[in-house]
Amino acid sequence: MTSSATTAPELLVQSWYNTDRPLLLAGLRGRVVVMTAFQDFCPNSVAVAIPQAKRIHETFEPKDVAVIGLHSTFEHHDAFSTAVLKAFIQEYRLKFPIALDQPNPAGPIPHTMDAYKMRGTPSLVLIDRLGVVRKHAFGPVDDLRLGAEIGALTQEDGRALVLARSSAA
Amino acid sequence: MTSSATTAPELLVQSWYNTDRPLLLAGLRGRVVVMTAFQDFCPNSVAVAIPQAKRIHETFEPKDVAVIGLHSTFEHHDAFSTAVLKAFIQEYRLKFPIALDQPNPAGPIPHTMDAYKMRGTPSLVLIDRLGVVRKHAFGPVDDLRLGAEIGALTQEDGRALVLARSSAA
Amino acid sequence: MTSSATTAPELLVQSWYNTDRPLLLAGLRGRVVVMTAFQDFCPNSVAVAIPQAKRIHETFEPKDVAVIGLHSTFEHHDAFSTAVLKAFIQEYRLKFPIALDQPNPAGPIPHTMDAYKMRGTPSLVLIDRLGVVRKHAFGPVDDLRLGAEIGALTQEDGRALVLARSSAA
Amino acid sequence: MTSSATTAPELLVQSWYNTDRPLLLAGLRGRVVVMTAFQDFCPNSVAVAIPQAKRIHETFEPKDVAVIGLHSTFEHHDAFSTAVLKAFIQEYRLKFPIALDQPNPAGPIPHTMDAYKMRGTPSLVLIDRLGVVRKHAFGPVDDLRLGAEIGALTQEDGRALVLARSSAA
């Protein structure tokens, strides 16, 4: 594995909620990042992925794991507005930072979704403490397996991991 | 019980979906009516009441039981639009008639919601074959109990019931 | 439908629990009877059918609906004893009458299970107020549909039903 | 934390199932051990803890994580027999090693349950690769949190951990 191939693309965001300043992945180095891409009108996002993101946010220490919701509007553009997203955040009582993916005037797929080549929503991305994508899943993800993956990532020794990857590159 | 006290108020609707013509309760006499009032941004509507309405629609014969969804927008007016409702109906694959409750310019509560004095969403109203409200519940309703109530209503002999009510009035 | 073809066979029982005297179906005429055949070591009995029987017992009035559990031991005979059944009743806090199906020395299938030609456990039998079998299902049964069936049976006019069946026979 | 205080007591077992030879914790060093203490007649064991143990067994590699079921019969002794346990293992399709806790002639609590001072069933014990108890829980345990704990334990560097504990002792 070479780090260059899988370093997480930086977020391109129109607006943020539940945070007093914009976040950059570069600023989250040292923490495991769990990013859940969702849409308000996507049944599996609402029923499965968002509740799971809430559980992750409530289970791990913020110093170890950062949870980010990414609203990637790629369909139903006519129904979406920031008021829709605000109502959703309020009604579902989301407390973790939520990013509205930057729309792309050239097409329906917003920029961050495109950069990660996501297949749809919900999508889940795990990024390790060095900023490398370690998991990328489309659709529902099992709690036990995901917990294990996050738990393992929190225990990785960053320095040792860099050396191992360098030698394998 | 007197029928005058509990006859179901007629629906006041801005627009209909999943039906080629507007429905009136008066036109549904002879069938049990299950009306589920909901909102797209209401978690219990989305997670509990709408899936239950789908199950009812799939379980009973249309000639016996009519299922109606009523979107009663009483909060988050800035987030709502008919495009929001259309996206919801499409994504949740709703096949039964959906009514958009008639807004009231004088306040946030739409007309049908107001006429039924609903406390919020989700609300469930059962109307018997004679057009009388027989159940009115706010919040999640148990499947077994609701099934029993609908099943019992489908077996009522309309004529006998009218006589009984008249004599008790 | 002729009543002779489907009148519920009488129960053949080794021992009763949660009742101070043995029950006979003949003694339950006028009430809808819900009989759940189960085994302590049958996963779907334990996870699905027994909890459903508890919900039925808690939802309907005893004067309308009688719930009976029938432990039909047709496998794992070496593991079963009345102590096993008593432990099960206690741990799962069952309050409705439980019958231990009468073993048949000639084979593994106990008598009541055989009389009803059950295919296995869990099996559910609905018996109407006149003692006629109206539903016989093997495996999990949907709450909404079952509720509707029980609810409808509780509303049947016994006299009218007899006439209808007589004329159809 | 001192290792002497929390080294996992060795298993005292009457009989084993799903393994061709008895297991000792001493022989599992280098692997994380998940031990689920259960009883066949304990509702939370059957509905929650045993399905979770199955998921753990299916999620992790055997070289990383060993799952052990421990039937600790501390109540309903008259109902229990090895035939009961065998029927349970067969019906619930358990594939991981199951130990029958060694009965204690002096009282109702079997030996391993007593050595671990378990409060009842289900109980879950996590043992790290060095043989140290790292978690001991009574009652249902959350999948996400448990996955994280197991995942983290699989990543620990045994040598470093010993040194850390020694310095803290």
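To keep things simple, chains are lettered A, B, C and D as they appear, and every chain counts its residues starting from 1.
Everything below uses one rule, namely that contacts are C-beta pairs under 8 Å (C-beta built on N, C-alpha and C of every residue); 3 or more make two chains touch, one makes a residue touch a chain.
From a predicted model like this one, the values you see are computed outputs, not experimental measurements.
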Report task. Work out which chains are contact partners of both subunit B and subunit D. Result -> A, C
Report task. Note down the smallest number of touching-chain steps it takes to go from subunit A to subunit C. Result -> 2
Report summary line: Comparing which residue numbers subunit A and subunit B contribute to their contact, where sharing over half means same and under half means different, the two sides are same
Report task. Name the chain pair with more contacting C-beta pairs, choosing from A-D and C-D. Result -> A-D
Report summary line: Per mean C-alpha coordinates, the chain lying farthest from subunit D is B
Report summary line: Taking each chain's centre as the mean of its CA atoms, subunit A sits from subunit D at a distance in Å of 35
Query raised in the report: How many angstrom lie between the CA centroids of subunit C and subunit D, rounded to a whole number?
Result: 38
Query raised in the report: What residues in subunit C touch two or more of the other chains?
Result: none
Query raised in the report: Hey, how would you classify the chain contact layout here, line, ring, star, complete or other?
Result: ring
Query raised in the report: Which of the chains touch, listed as pairs?
Result: A-B, A-D, B-C, C-D
**Report entry** subunit B residues within the subunit C interface of the complex
**Finding:** 52, 55-56, 59-60, 142-152, 154-157
Query raised in the report: What does subunit A use to touch subunit B in their complex?
Result: 40-43, 46-47, 76, 78-79, 81, 83-84, 86-88, 91-92
